[in-house]
Structures are given as structure tokens and as C-alpha cells.
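Before anything else, here is the set of structures, which you'll find just below.
Across the two complexes that follow, chain A remains constant while its partner is chain B and subsequently chain C.
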Partner chain A sequence: MSHILPHLLNGLSLGLLFALIALGFMLIVSVMEVINLSHGSLFALGAYFALVVIDPDFAWLGSFGEAYRALPLPARYGLAFLIAPALVAVVGMGLEVCMRRTYGKKAEYGLLLTFGAALVIEETIRVLWGPSEQYLQVPRDISGAFLFGGLIYSKYKLYAALFAAIAIGLVWLFLERTPYGAIIKAGAHDSEMVRALGINLTRLRLLVFGLGAGLAGFAGIVLTPIWGLRPHVGIDAVIPAFLIIVLGGIGSFSGAVTGGILVGLAVGITGAYASDWSLLSMYLLLIAVVTVRARGLFGKKSVLEA
Partner chain B sequence: MAPRQSFAGRWVPGEMALLFVLMATLPLWIGPVGLYQYLGIEIAIWMIYGLGYNLLLGYSGLPSFGHGAFFGIGAYAFGLFQLRVFESLWLGMVCAVVAAAVAGAFVACFLSHRRGIYFALLTIAFGQVFWFVSIKWHAVTGGEDGLLNIPRPALELGVISPALSTNADFFYFVLFVLAVVTVLLWRLVHSPFGKVLQAIRQNEERARFVGYNVWLFKWAAFTLSAAIAGLAGSLFSMAQQSAYPDVMSLHASGIIVMMTLIGGGFVSFWGPVIGVAVYFVARDVLGTLTETWLLWFGLVFVLAVIFKPEGIAGAWQEFTGAKGRHALARRAMAGLISAGRK
Partner chain C sequence: MPRMKLTRRSLLKGAGLLSAGTAVTFMGPWRHNRVYAAASDKPILIGLTSDASGQYANSGASDRRGMLMAIAEFNDRGGVLGRMVETLHVDTETTPATGSRAAERLISRNECAFLIGAVSSGVANAISQVAQKYGTVYLNTNSSSPTESGKNCHRVKFVWDGNGTNFAQAAVKNAINAYGTKWMLMTNDYVWGHNTSAATRTLVEQYGGEITDEILVPQGTRDFSAMLLKVQQGSPQVVAAAVGGDDQKAMRQQVAELGLGESMAWINNQQDWPDVYGLPLENLFGVFGTTWYWKLDLPGVAEFVQRYQAAYPDTRMRVPGNVFYNGYMATRELLSAVERAGSTNNRKVIQELEGLKVSAQDRMQHHDAWMNPATHQMQQTIYLATANSGTGDADDMFRMLSQSSPEEIRDTGADAACMMESLDETPSYEM
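Right, the complex of A and B next:
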């Protein structure tokens, strides 16, 4: 048992990170009934924006830029966490505006549109930042390694899991304890009824898409120091996200978190025995669960099935 | 009742004849317009792939986002047959088609009671499984490098067996396969089987109530479409003389969806044919002008989904005022329902 413990821990922290990726995806799919295949590209975009916020290399910033770049890294890193997701949220809102013509059509149109958007964002990243791998700097205090029980752990992975847990907690508080959260949940349940009650559905959708995109960007900043930053890193994020959502049940917050942790554990434990095949386990887990429970673990009947 | 068409009209309508003439004369004009022979081979192979794929997307309304898997399985199966068993064109192709069809039939068992988004999501999951296995199963697939030096066997015709080693010769072989596939698929979509698929796309429940075994039709359409993808894959491994995992990635699977949709697969049999030609010519023409051509292609795709999901064929039909397949399909549906009532 003891030899599997590190893998369990590893799986658990990976699970929290997966859940973080899936959260924004879940918000969008439950309120908008849109599978946002560009989620991964927004994830990558968040990390690239953070790259710019941490080290803005623009001549036109002049002396302000120099003063800014003289700030200590933790301060700039903290700012990146605020600014980059906000910028991604703006991009997400732009995408939502483009999507309006597909509402009311078959759900596949949303899928196709966001697939195209993913390609466009990824290629734009390639143009702006080049195709090669980049590194997102992390403050010294939260990087490096430490020893525990004779094993070496990466400090940053632990902090990343912590960031993920905090973000998940905040989203939960937002959904469960604020009036906006109540509207979003109601919108996920029955958006037409929400409109009938006099709530501006257009604005709600815009905000939810912005929030979902912002969360994707946030996840990108947290995860890319571990995964590395390439223009196509998004594919590594969107696939687990959608697997987790289908596994957990579309439109369920607890489903997304449980699904994320389950997938993380599955990957972690398979990693212990057959590290080459660890990612395969999440697909097999999904196929197994969905074959038995068509709507996932916590799913209710949704509009997407029509 | 529509008037009975002539034999030629039913088997080789005008558009098909035009396609065949254009493709058959391609070696004569592709050089002078600044392109090259190999492009013709690629276009023909992807036309086979796209036509088979549109049986799902356009005719049955089933968006598969993992179809690259079956293309790849065909390519690997052909390559493995040549490298491990013995060199044979026909047997290799049969092996590729059977392998892709078996994989497709297996996957379809999990998919056929699903529709819409859930269908699409499961196809992504299965596509990723096959892609992942192709990368990791080094002993069989050669990992990320794939299978290299796959021979291109001679065309065995009993008495004579001409070599296909030059691209010019190989092109005519691919064209022959394309012609066979096109004619058979054309007949298939105009057969009662094809009409039921269209009825399923329009309203699955209604088609079920009329008394059709919807599950079986979807299963058969998926399997057939996978088999055709495998056939295209076998030609691809001959063209490239290698087989590699790239063609199975989500990206590659998405590209065939984009080609089919931009061309107008939703409203026309010829949608994927147009889309494939546009894609490859755009890749080569725009690709020489700018390295970011995929960005522009992606933008065009996004605009197409927003404003014109009927694609190029749809725009053409609107322009000429021709009756779209939708109108025909609606009539077919009405016919089915009245037949069911009797």
C-alpha cells in the first residue's frame, strides 16, 4: 500500500487540476448547451497572456515598462493571475457574440463553430508567439522540490493543486451563495424559464461565457508551468475537460469535481503500473461509465439530448 | 412520382461525369496551372474519405469527430499486411477495409443509440483511444514515427501486373477507386437505405415510429463509413509509403469535418468533393503565400458555420435556384410516412 501512496497523491492533485480545467467548460455547457471545443485554446491563451503580463517586452511602454519589469516576480506573477484571465474572458465574450446565430439550431453547430475557433486561436498564438516551447516563470518560493518520506515532490505541483482547490471553492461559493450563482444555476436548469422571469438571458450568456473562458485562462496559468507551453497545449486540456464533464454528468458542479478527481486518480494509479498507458485509462473510464450510465455519474436529462 | 431517369442518369449523373472528366484530365492541366501531380492523388484519396464521411455527417446527421481513427486503421492495416504478411495490392486493401469496418462496427455498438452531442463526444473519446494506441503500441505501429518503407505493390490483374511506382500511374489507380466508390455511394444514398438515413437525420423518433430499426441503420451507416475511411487510408499509406499516427489525431479528424462542411455536405452529395478540392488547393496556394494559411482557413470555416452552414454547394444551389437535397429529402420523408400509414 505504501508504495502506491505517492501515486494516489499525485493522482489526487492531478484530479484537482483536471477539475479546475473542467469547471469553466462545465459552466458553459450547462447554461449555454454549447460544447466549447475552444476551451483548450483559451486555456493556452491564458498562459500566453500571463507570459506577456509577467514580462512585457514592448518598446512603447517606455519608462513605465522598465519600472514595471523591475517589480519583483511574485508581484508580477500575482498580477498575471488577475489580468490574463480577464483578457481571456474578453476573448470568450467575443466568441459568444459570434455564436449567437447558432442558438436554437442543432447543438452540433456550436461544436463545429468552437472547433473552428480553437483552430483560429491556436494559429493566432502561433503567429504572435511562435511555434516553439516557452516557459512561464514561477516565483522561486513556490517552485523547486522538497523531500517527504524519502520521496522527492515538486513543490509547484502542490501549490498548483492548492490554487485549483481555492478556485474550485470560490466557484462553488459563487454558484451556491450569491444571487448571480442562483441565476446561472437556474439558467442551466431551464434557460427559457429564466428569460420568462425577466432576466436578461443575452447578458447572462455573455457573462457565463466570459466566466468560463476566464476560468480556462486561469487554469492555463496554473497548469502550463507543469505541462510546458506550446501553441497546441490546449488539446491536452480540452480532452480531459470534456471527458470529465461527460463522466460527471453535463451540468453538474459536483459531477465535474468528482469526475476530475476520478480521472486524476485513474491516471495516477495507472501511472504506477504502466506509465506509458496512463492517459489511456481516462478514455476507458469514460467509455465504461457512459456505457452503463448514459448521462454520466450525476447527470440529469438535459436539452442536449433532444 | 418523379419520372424514371435513364440508366446513365441514375448511375452517372452530370455532376459525376464532370468530376470524372476533370479528374481524369488532371495530369494534363495540373502542371501548367502551377500545381503538381501528387496533389491530385491526395485530393482523390480525401474525396473518397470525405464522400464516405458525409454518409454520416450529411446524410444521417451524425457528427463524428473521430473518423481519422478509421482512416489510420486502414493505413496501418495495409502497411502491416505488406510488411509482415506479403506484398499484395488487393489483399492489402481488403485487409484495410475489413480492419476499419470491424473497428467501426465495434465502436458503432457503443454509439448507435446516441445522437447529437453525446454521439459526437463518444466519437472523440474512441478516436482518441485509437490515436493513443497507435502512438504507444510501438511493437506493432512503430510509435510516433509510424510504419516506414511500406511498399507500393504492383497492380495484379491476373494476366498483367503493371507497376504503380510512378505517381502518374498511381493517380489513375486512385481515380479508379474513387470512381467505383462514388458510383456505389451515389446509388446507396438514392436507395431506400439512403432515404431511411435521411429520415433519421430529419427526425429520428419519427423514423422509429414509422417502423424502422433506427439503431441498425445508424450502426450500418457508421460501419460502412468507417470501411470507406479505411479504404482511403490504405491508398494513403500507398501514396505516402508510410503510415503514422498524425492522421488519427483529433486535429486531423476535425479537418475532414471542416472540409465536408465548407464544401456543403449538409445539402449536397458533392459537398465533400468540393470541400476537399478547396482545402487542398487552398493549402498549396495560400501555403506558398503565407505560413498562417490554416488561420485563414479556420476563419473561413467559422464564418461558414455562422452564416452559411450549407457551404459552397448550398450557396451554389441558392444561386442557381436548384432544388436542394433538403426539399427532396422532405418529399422522401413524406413518402415514408404515408407508406408507413398504409
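Right, the complex of A and C next:
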């Protein structure tokens, strides 16, 4: 047991990070019924924006730039957590405006548009920041290693899991304890009824897309100090995100979190004992779950389904 | 004068003879059928099969820059055999199936005279199978699985990078003496990783060491925490990692974060420059191999770096690395071989490359290099290096530890494994 315990704990922390990646994706799919293939690119964009916020290297900033860069890293890092996701949210809202012409049409239109957006965002990143590997600095206090039970663990990974847990908690509070959350959930369940009740569905979609994109950007800032930062890092995020929401049940917050944790545990444990199966394990888990429950773990039948 | 009588039978016979004659004259025999107009002003078209996306996108870009600089230098001197050299690039996406399609298209549709470029051994193998089918000379610039010049060798393929066995030969014996006999392998789960780790395992066992465990790393792995916990639980004296591309970058970052780079010895088979350029030096732990470094104290190196900087003033990578170097050298030697052959005829070019010898000065390495005609792998100097922590120059990341001559690190297994097609079995062409 003492041998497997570190891997269970590691899998759990990994699961929280996977759940964080899937959250924004889940919100957009549930309300808009759009599979946002640009989720990964928005994830990457968040990390690149954070790179700029943490270390802006622009001559035109003049003395302000120098004074800003003189701020301690934790302060700039904290600002990055606020500013970068907000900027990604704005990009996401811009994308939602472009998507309006696809509403009511076949799902392929939305898929193609978000896929195209993913390519555009990735190429823009390549042009602006170059194709090489970048390094997102984290404050010294939350990086490095610590010893526990005779094994060395990453301090940052622990903090990253904590950030993920906080973000998951905040999103849960927002969805479950605020009227806006109630509207979003109602919109996910039956958008036509929400419109009939006089709620501005256009604005709701804009805000949800912005929130989903912002969460993707937030996940990018949390994850890239572990995964590394390169223009195509988004592909590493969008595939697990998609898998997790199908596994957990489309539109389900609990499903996304549970799905993320299950995927984390599967990847973490196979990574230790059958490492060549570690990536495949998430797909096997998905197959096992949807074979028994086609709508995923917490998926419910929509009123729109026949 | 007798009148010829045109009967249906004679008409059919005539048509049949005409068709057969046409086929023999213009189409057959199949092995020698690709002779294209090679007018003196017709450019020589080269297909660049380098990755622009996927795991090796960054290295692919560096590889391509090396090829393009060599081609630009020839064109500035008036081209090759009086003909300009043009290029066509197709993204091979670090995917073997895409590599096959790209090669098929570049050869049969675009009529490229030669193909150059590879970082992934899986992709290189796929391209070379297509190239061999058409007889198209193909340069594997930067992939380093021992199988590329071993069991997957081909008459048309020439391999320019050191391979896993070469690097293991350079590192293993010294590492056993310096660090201990208890080794663990971390192996990227594809052709290069498996073959490189197999070469390491053979050498470790040969020198009295023991492989306690092998951790397979699937391509696309981003979280190494479970594997690194497993490494700690195994407590080896040496970890030999054959992990490449983006996987390696993620692994390095996570090993550095845990400080495992100092608590056990790490032998990283080969370290491609684009994979580490710009990263913190802490991420560059352990000992690793390379074929070239921009600060080698050898004639021509500084001037080569200046030429790179003049050609690519805007690139973020301010100095060239081993991947660029291999792309450049391979292309330069191909075009020189065409000049020496006086023709683009593939068989003549192959024969020129098989007899290739390059002086140490020309290669900007410590030892003379030569093409092994039995395996088509360039036999060259292999360097071992580690992080250069005592410098103020951010670009001077490597501290060179040793250099081995081609004879010291020769992959004799490749000689035995390579069963190359004969020149006569290889379709000929001239463009």
C-alpha cells in the first residue's frame, strides 16, 4: 500500500488539473451545444498572455515598464492570473460573435469555425512569440521540491492542484449559488425556454463563451509551467478536455470534475505500473464508461432529445 | 508497283507493334524510365520533408533553415551545374503516414530530384520506403535511430546524424566507471527510443552494469510525475533517457523542478539544440551527446555562426545548433556530389555520396568524417557535453566534456543489420 499511495496522491492532483482543463470546455458545450475545438489554442494563449504580463519587454512602455518589471515576481504572477484569463475571455467573446452565423445550422459549421480559429490562434502565437519553447516563470516560493515519505514531490504541482481546486470551487459556487449560474444551467437544459422567459440569450452565450475561454486561459497559466510552453501546447489540452466531458456527461459540472479525477488516477497509476499504457488508459476508461452509460457518468437526457 | 492491301488483320498487327514499340521506347523497362528534360536552365527541384507541426516542429524548422542556407550559398555562386536550385516544402507533421504521402507527392507529382529532411526516425523510415520505390535520393538529416542505417537502410537513403548506438558508445563505459552499475532506462515508445535504449542496454550489460527497470514513455506524454516517482522508488545510480522532442522538454522541466538531476546521474542520449535553447540551465542536467556545437574552438566555426546570423537575423535562436548543422552539411554534400557527378543521375549521385570523405576542417569537427558505403551513415565525431553553468553568455549553454573519433563509436551492429538493395535494383532517373 505504501508503494501505491504516492501514485494515488499523484493521480488525484493530476485529476484536479485535468478537471480544470475540462471546465471551460464543459461550460461552452453545455450552453451553446458547440464543441469548441479552439479550447486548446485559448489554453495556450492564456499562458502566452501571462508571459507578457509577467515580463513585458516593450520599449514603448518606457519608465513605466521598468518600474513594473521591478515589482516582485509574485505580484506580477498574481496579476497574470487576473489579466491573462480576462484577455483570453475577450478573444473568446470575439470568437462567439463570429460564431453567431452558425447557430441553428448543422453542427459541422461550428466545428469548422472553431477548428479554423484554433489554427489562426496557433499561427498568431507562432508569429508573435516565435516557434521555440518558452518558459513561464513561477515565484520561487511555490517552485522546487519537497520531501514526503522518502520521496521527492514537486511543490508547484501541489500548488497547481490547489489553484485547480479553488477554480473548480469558484465555478461551482457561481453555477450553484448565483442567479447567473441558474440561467446558464437553464440555458444548457433548454435554451428556447430561457429565451421565452425573456432572458437575453445572445448576451448569455457571449458571457458563457467568454467565461469558458477565460477558464481555458487560466488552465494554461497553471499547466504550462509543468508541461512547457510552445505554440502547439493546446493540442495537449483539447483532447483530454473533450474526452473528460464525454466521460463525465456533457453539460455536467460534477461529471467534468469526476471525469477529470478518474482520468488523472488512470494516467497516474498506469504511468507508474504500465507506463506504455498511460496515455491509452484514458481512452480505455472512456470506452468502458460509455459502453455502460452512453451519456457518460452524470449525463442526463436533454428535453430536446427525442 | 504492287498495291498494298490494308486488311483488318494487318491493321491490328501494325497497331500492336506500334504500341509495343512505344512502350519499350518511352516507358520501359520500368527501372530506368524517369528521364526528364534536364535543360541547362531548368532549376533542380528539391523536396524538403521536414516537420512544421507535431512533436518535432521546432527542430524541423531548424533543420530546414540549415538546408536553405546551403542551397542559398550554391545559388549565390551560380547554382549547381549552371542550374538554380529550388525547393518545395511539405509539412510531414511528425507523422509517418504524412511523411509517406508527402514523399509520394513530392516525387510523383512535383517531380523533385531529391528529398531532404527528417527528425523523427519513424517519419524518415516511411519517407525512405517511398523514395526507394522511385529511386529518389533521400537525405535523412537528423533522425538518429540505429535502425535508420541498420535494418531500415536503403540504397537511396543517406543518414547524417550520429545514432543512438554512437552516442551510447561514447557515454556508457565512462558513466559506469564514474557513477555505478545500477541503471534504469526511460524510453520514448517509438522506433528511435526503443532502438536507442536497446543499444544502451547492450553496452551496459557488456561493461558489467545492470538494467534494473525500463520505463516506456508514450509519445505525447506531458506529465512525468508518476514515472519520476517510479524512478525514485527504483533508486538507480544512472538513468539513461532516450526521450526526444516535446516529451523531452516536459521531462526536463519536471526533473529539474524535483532536483532529480543532481540526486542521480542522467545520461541523455542526444540533446538537440532546438529542444533546449532558451530554457533555464537547471533544465539541462546530466550528460548528453551532440554532433556539433557553435562554440567549438575549430577553424571556420565562428565564420559559420556569422553566416547563420546574417542569413537569419530575425530568428529567436541566435546561434545555430546541431540540427541546423546536420541540415546544412547534408545539403551541401548532396549538391557537391551532384557537381562532382556532373549530373543529377541518381545512380551517379549515390556513388559519389558512397565514396564521400570530408576533412575535419571542412566538417568543423575534430576528426575526419566519411560515409560508410555499407550503411550510408556518416561516420563522424561525437561529443559529450553538460550544462555550462559558469558563463554569462546565455547562448553558451553547453560545456563540452569529451570528443570521440568515428572509429571509437562505430555502430558495428548496423553493418551487420543493413541489407541494402543493389544499385541495379534501384530505379534510375535524371532530372
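Going forward, the second predicted complex is superposed on the first by the 301 of 306 C-alpha atoms of A that agree within 3 Å, B and C clash if a C-alpha of one lies under 4 Å from a C-alpha of the other, contacts with A are read in each partner's own complex, and residues count from 1 in each chain.
Basically, a residue touches a chain if its C-beta (ideal position, glycine included) is under 8 Å from a C-beta of that chain, and two chains touch if they have at least 3 such contacts.
Keep in mind it's a predicted model, so treat the numbers as computed, not measured.
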So, after the overlay on chain A, do chain B and chain C clash or fit? They clash
Q: Report for A:Cys98: first if it touches chain B alone, second if chain C alone, otherwise both or neither.
A: first
Discussion item. Contact-wise, after the overlay, does A:Tyr135 reach chain B, chain C, both or neither (first, second, both, neither)?
Written reply: second
Partner chain(s) touched by A:Gly268 [first = chain B, second = chain C, both, neither] | second
Is A:Tyr153 touching the first partner chain B, the second partner chain C, both, or neither of them?
-> second
Looking at the overlay, what does A:Leu197 touch: chain B (first), chain C (second), both, or neither?
neither
If we overlay the two complexes on their shared chain A, which of chain B and chain C does A:Leu82 touch? Say first, second, both or neither.
neither
* Asked: Taking the superposition as given, does A:Tyr109 touch the first partner, chain B, the second, chain C, both, or neither?
  -> first
Just to be sure I read the superposition right, which of the two partners does A:Val246 touch: chain B = first, chain C = second, or both, or neither? first
What is the contact status of A:Tyr283 with respect to chain B (first) and chain C (second): first, second, both, or neither? first
Clash check vs chain C: of 56-64, 110-118, 182-190 or 236-244 in chain B, the offending stretch is 236-244
Overlap of the chain B and chain C interfaces on chain A comprises residues 232, 276, 279-280
Residue set of chain A touching chain B in the complex reads 35, 98-99, 101-102, 105-109, 111-113, 115-117, 119-120, 123-124, 126-127, 232, 235, 239, 242-243, 246, 276-277, 279-280, 283-284, 286-287, 290-291, 294, 304-306
Chain B contacts chain A in the complex at 61, 63, 65, 110, 114-118, 120-122, 124-126, 128-129, 132-133, 136, 250-251, 254, 257-258, 261, 292, 294-295, 297-299, 301-302, 305-307, 309
Listed in rising order, the residues of chain A that touch chain C in the complex are 3, 6-7, 10-11, 13-14, 130-135, 143-145, 151-157, 225-228, 230, 232, 236, 267-272, 275-276, 278-280
The chain C residues in contact with chain A across the complex are 53-54, 57-58, 61, 189, 215-218, 220-227, 229-230, 232-233, 246, 249-250, 253-254, 257-260, 263, 274-280, 315-317
